[in-house]
Amino acid sequence: MMLLTLLMVGVTSGILGGLTLALLSAGFNLSLGVSRVVNFQHGAVVLWSMYAAYTLWDATGINPYLGIFLLAPVAFVIGYFLHRWLIVRSLETPEDSQILFSIGLLIALQYLAQFFFSADARSLVPEGMQQSIIMGPLFLQYTQIAAAAVSLLVLVLLHLMLTRTDLGRKLHACAQNPTGARVSGLNVEHLSAVALGIAAACAAVSGTALATIAPIFPERAFEYSIVAVVVSVLGGLGSMSGSILGGLIVGIIIAVSQVMGHGDLALAIVYALVFLIFLVRPTGLISAIRR
Amino acid sequence: MFSKLTDSFRQQGAALWLSAAVVVIVAAVAAPWINPYYTRVMIMGLMCGYLAASWNLIGGYAGQMSLGHALFFAIGSYSVALLARLPDVPLIAALPLAVLVSVILAWIIAAICFRYALRGIYFAVGTLLLAEIARILVINSDTLGRSQGLQIPNTPGMQNLSFSSNLPFFYIFLAMSVALALASLAVERSKLGYDLVALREQEEGAAALGVDVSGIKRFAFVISAGLTCIGGVVYAGLVRYVEPGYDLSLSITLIMVMGAVLGGRGTALGPFLGGIVVVLIQEALILLGSTVGTTSVSALAQMIYGLFFVVILLVFPRGIVGQVLYRRINRKATQLSVRTIQKAS
Amino acid sequence: MPSLLEVNGLHAGYGLFSVLHGLAFDVKEREIVALVGSNGAGKTTTMRAISGLIQSTGGSIHFNGEETTNLTPSQMVARGLVCVPEGRQLFPEMTVRDTLLVGVSTPRARDRRDQSLKTVYKLFPKLNERSGQLCGTLSGGEQQMVAIGRGLMSAPQLLLLDEPSLGLAPTIVKQLFQAITDIRDQGVTVLIVEQNVRSVLSFVDRAYVIENGSVELSGSAEELINNPDVVNAYFGIGSKESVS
Amino acid sequence: MLRAENVSVRFGGLRAVDDLSFQTQTDQILCIIGPNGAGKTTLFSVLSGFLKPTEGRVRFNDLDVSAMRADRVALAGIARTFQIVKPFRDMTVLDNVMVGAYAHATSYKEARAHALSIIDEVDLHRKRDFLASYLTLPDLKRLEVARALATRPTYLLLDEVMAGLNLREQHEVADMIEKVHQRGVGVLLVEHSLAIVQRLGQHVLCMDSGRLIAEGTAADVIQCEAVQVAYMGIVNA
Amino acid sequence: RAQPKRIPIGVVVGLTGRAGPWGAPVNNAVRLAVEQINASGGIKSKGGAQIDLISVDHQSNPQMAGTQTERVIQVNNVLAVIGNATSGATMVGSAVSEKAGVPMISTDLGDSLTNRGMKYFFRIGARASHLAATGVDFAEQMVKVTGTVPRKVATMADDSTFSQDAIQGAISRVRQTGWNFQENVSFPAGKVSDFLPILQRLKLSGVDLIFHALFAPDGIQVMRGMKALNYDLMASVHIAGAPYTPEYVENLKADADFVTDVVGFVPELTGKNPLLANYADAYKAKYRRDLDDQASLAVTCVGALYDALERATDLSSGALAEALRTTDLELGSNPYVLRDGIKFDEKGDNIKAKGLVMQLRKGQQRIVYPSEMATIEAVWPMPAWSKRT
């Protein structure tokens, strides 16, 4: 009986947590899976978004989810120009140079955050979102529900954008063959910057959501990048439904193993499972090949 | 062998190799007289160079980005620490043991990964996951000292990798590096070298020319793992303390990747140069930070470290040595074309 | 009649490596003009320079009376100049239909989207059959069809075709050349690079022979087809004995 | 002897090669023609071990090619070129060919000498120090041929290696192929150039929708009505 | 008149990386103390010699700690090293200083550090397992006073060296109490994004007393999780780690109250002694945060150094080490001895170092144990979440 209860607890909080992970990976998945831009700095962009959300909340006290309407566009613009002016230069380099390039950016951005905000943790505690719904042994924290809902919304929108719109088709084209896209009249530099802008906006959303859930400190950045990579790659690069699935799997395994008293091994279990999935499906769970 | 070497001299630029040789000889002769701190920095530089060059076999020549090499490094260092707990066993005995374990493990990993066609980012993430799994297991294992790590008592004697100064470690890493550089050079012009680079560029194209793609990848991975493990053994002898937070972390793997990519992946000398540069830059930035000595300045120093990679890779997209060689090839092609056009007109 | 495309003293190349040395030619409206020349002469480089895929280092290009030297490909497409490049340049993980639709990028092309799609499918029925297949798995010839189709979808005013017949079976080549004349009749101007010199000279208006990055010969199709030098150089029976 | 026995390849519902059998010897230049998508390249992939046939098998002397890995097939003596070229872009032309030469060479010197002679043979000498990524398409096709030749094959499978050449250049390549053939190498050739098919095709197969629709000498096959309709677009033959 | 001599001293700590949160206060505290010493005339017995600090960042990387220790010793010729603010780094760094015969005055608490037979290693704080035992002693006493035995006890720690040492100590001490020990929860530091499943498990299995060894962000999140779950505990006893850091209270505000923590120092201690308050005030004024346990460890390192420098026969590492070995100081013996007192045994452990337990009350750290030092009576059990406002 106790076992069953625990399992239920694990699964519910795994689902909520998993959706947050999916959101975290969305921006990364978009840039690597669709635009083929290795975007390891994603974790640092999320970190900066967390600080931005925190600072905004600290200064004005308004609900951070309202802040998204300010932060996401700003992040889009920053992502767009960061790509146009800097990252685009790395695209002509071999892929592993790109990886190192983006790790360099990750390090730089993370320590820039430490420079401004110090290594101390900060918490964003939005007014009125501190309660949780408790149903017997199950509990749902408002902040988590909000994060999960936003996550679903963002991922569904991205999915529709990628599969149903001209923009999605163009982004795929630019990534799969820039020369081919150019001769078809696409402005590749602009479009891939748009993709990175969208990825940054996603990072802003996930940064805000994460900031309401977890304390903010610079060392988080690397961790976030790794989670984003694992979830995207597990779900299938370029596939937003894959991100959801990957996030849920990772989230549920972690939560269930924690609730069963194996929190210390939780990540090892997840990693082992992900590795096995790779062997069976060496391109992730859901293939991004379209329509 | 000799004809291969001379030919590579031409291909890679005799100047590059000669300057490397001069640097090695000068360093070897000067080492006993310099400040022990510089010796230690050189040791770390050589170690990173050596590790980067070991990684380069699979990550550079074969183009399979392994992010799991920390595993093999840790097998090396942990074997020393574990042997140290047995009475009267010379620690050097860890070397064959650890290499054997690494090689077998690498063979299994490679067999699985390449059998199931893990490529590109999937291979990178897959190997990363394996190393992380190992790290978590170590952290939860009492025998392996959990996160507190294991210390290696300083039992005197060469057979225990224990010396009165660090100088011998300098010569050990120097010798290992020189051997590995010459070996890489020889491999580069051998069938193995051609097969490796070919399969990196185009697996199907290589298979059509009789290259056993997965077999060669596996071979490269195994050798690379064994070499990395040797680095771990010597490292453990130097610092006499092993812990999962460093020996088995992504950061030690990243040092290898950074060194190799920065210096020029798939070149014989690049990774050594890259590894040394990475260490020197770190030292220089720490020095810079410590002139002020506050936390925020140290954070800035680290930020510059990150930007350093960004800038270097913008200037040398193929790594430092890689770019030099690339320019050389381009120049040659251009000269050729100018000549043909002159002939034609 | 004014020139639609005018290339003057064009210099271009790759890095230090220069390929075109003062190339000059022009294409008038509603003309079909061919560029011929041997392997490595610089034909593809010319096409790339005109369509903006590479920067030129000297000379000028005028399209529709406007100077367009060194504009980007997307700017050229927006002005109505579309290139079907050498080497197909498809999107391997995109379906045939999606690839064709990527070609629709200007308002003009959007207006004619459905009509163009019909034209393409009529010209290459195979593509209609395979509209859901990924381009990367198509046969060589099928890929070439998609590349041409994508160019047509852009509803160009001037269409550059770089060896469109490459890899196509003789039936399809025939239809293709017929289709080129057809679209010219609909008001599209065509600049074509072809190795199939004899057949190309049978339907183009004029041709330029390019060697070593500059124009060596030019004239109407008849003039060239009757020129013994051209015959010798490009459609001689081949083996050295028979040429000499 | 190279023999396909009732080979079929299916991709999902599509039968790219459909119950096809034929056989050839090293003393033959075998031409395969057929409309686009007929299955010619797929057939080559089966013959060279890159694709396992869904049904049937391929025998090469005593070897069962359909049960071998592609690289083993290559070493055994069946060399192919790719219609969609697969060069090692970041290697020079010479190094590209060296990879093939090393299939049987035992020393660097030997491999290099062999590679250089092959490069001469396919007329890429001027560009031997170019990175493959700088070559034009026809040059890349020559490079494909050079690499395949360098493996010292018994059978050479050439998939549209003359595309993009003008007639005269095509004949130059044909000269080269004949020379190779005279050294005792069996040649299988996919070409859309009828002139070349007529010149080289001692024996011609015509495929359509995966099936063999005609077989015989070049003249016979080209006369055949089915071929004229399906391949040459002569509607009222 | 001759220029006063200069005494180079190294501070090798992690200012960046995982251990940054501990390196920074150590570096800050040492710098301020040395500034004050230099300003007040330096080392008087050495003609007013001034201390030159060389602070170096080891980036939370043990290998780097080794290299940097080598540097300050070989290049800057330091007489002593203060460091390394992470036990792992100290394992390597102290091996280097030992080889060079340079004393290392350590802020670190990992148990194994003083089990290596080193002659030049001096630890200011109590070892982790000792602190842990103090925490359990305290709980045992409270249980005796209140008469309610905890139903079930659990421990919880991240995977850092210190936390693991501490929690192992706590577990073995808990086993001696006869309480019902449920389980130990460990997890990767700073990587768990959601503690609710772990906490819910503990709650459902009836655990009502938890010993923690956590670093600040995790500690903050655990507490927020308990509140979200309405998880009422008899007590939450930390072993060093999170609650004493200023960020803990800043982030949790009133929710931090009633948590207890075993430390070696609380700001309250200085209040009694104006000499000590002086430094604490200056620290707060300069760095805008309260002097906390970690910083006090660092200042006390300077206290020991200051004293030893005054007593050393000459300005050499050997003489300094000799002087350190004969150190015998009390709280307040000089303005920088902010902890119990200092006297080293032959292993280098400070035998005067003890743990004390503080409880957060209205955001203030108040001593509740040992009784003779207590300034307030412990609230035990913690009030239920529903009763707090």
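Per-chain numbering from 1; labels A, B, C, D and E assigned in written order.
Throughout what follows, a contact is a pair of C-beta atoms (placed from the backbone, for glycine too) under 8 Å apart; a residue touches a chain by one contact, two chains touch by 3 or more.
Not measured: the values here are computed from a predicted model.
Asks: Which chains lie in contact with each of chain A and chain E?
Replies: B
Asks: Could you tell me which chains make contact with chain C and chain E both?
Replies: Chains touching both chain C and chain E: A, B.
Asks: Does B-D or B-C have the larger number of C-beta pairs in contact?
Replies: When the contacts at B-D and B-C are counted, B-D has more.
Asks: By mean C-alpha position, what chain is farthest away from chain B?
Replies: C
Asks: Roughly how far is chain A from chain B, centre to centre by C-alpha average, rounded to an integer in Å?
Replies: It comes to 31 Å between the two C-alpha centres.
Asks: Go ahead and note the Å separation of the Cα centroids belonging to chain A and chain D.
Replies: 48
Asks: If you average the CA atoms of chain A and of chain C, how far apart do the two points sit, in angstrom?
Replies: Roughly 44 Å, centre to centre.
Asks: Counting only Cα atoms for the centres, state how far chain B is from chain E in Å.
Replies: 38
Asks: Please list all residues of chain B that touch 2 or more other chains.
Replies: Counting only residues that touch two or more other chains, chain B contributes 136, 139-140, 295, 299, 302, 330, 333.
Asks: Could you check chain E for residues that touch two or more other chains and list them?
Replies: Counting only residues that touch two or more other chains, chain E contributes 16, 18, 20, 24, 159, 186, 188.
Asks: If you look at chain A, which of its residues touch at least two other chains?
Replies: 111, 114, 118-119, 264, 267
Asks: Tell me, which pairs of chains are in touch?
Replies: Per the contact definition above, the touching pairs are A-B, A-C, A-E, B-C, B-D, B-E, C-D.
Asks: Show which residues of chain B lie in contact with chain C when the two form their complex.
Replies: 330-331, 333-334, 337, 341, 344-345
Asks: For a test of understanding, state which residues of chain A touch chain C in their complex under the given definition.
Replies: 166, 169-170, 172-173, 176-177, 179-188, 288-291
Asks: State the interface residues of chain A toward chain E in the complex, per the touch definition above.
Replies: 2, 5-6, 9-10, 13-14, 16-17, 20-21, 111, 114, 118-123, 125, 130-132, 134, 137, 139, 141, 144, 210, 213-215, 217-220, 223, 254-256, 258-261, 263-264, 266-267
Asks: Which chain B residues qualify as touching chain A in the complex?
Replies: Against chain A, the touching part of chain B is residues 59, 65, 112, 116-122, 125-126, 128-130, 132-133, 136-137, 139-140, 250, 254, 257-258, 261-262, 265, 295-296, 299-300, 302-310, 313-314, 317-319.
Asks: Show me the residue ranges of chain C that touch chain D in the complex, using the header's touch definition.
Replies: 14, 17, 36, 38-40, 44, 86-87, 126, 137-145, 163, 166-175, 195-198, 233-240, 243
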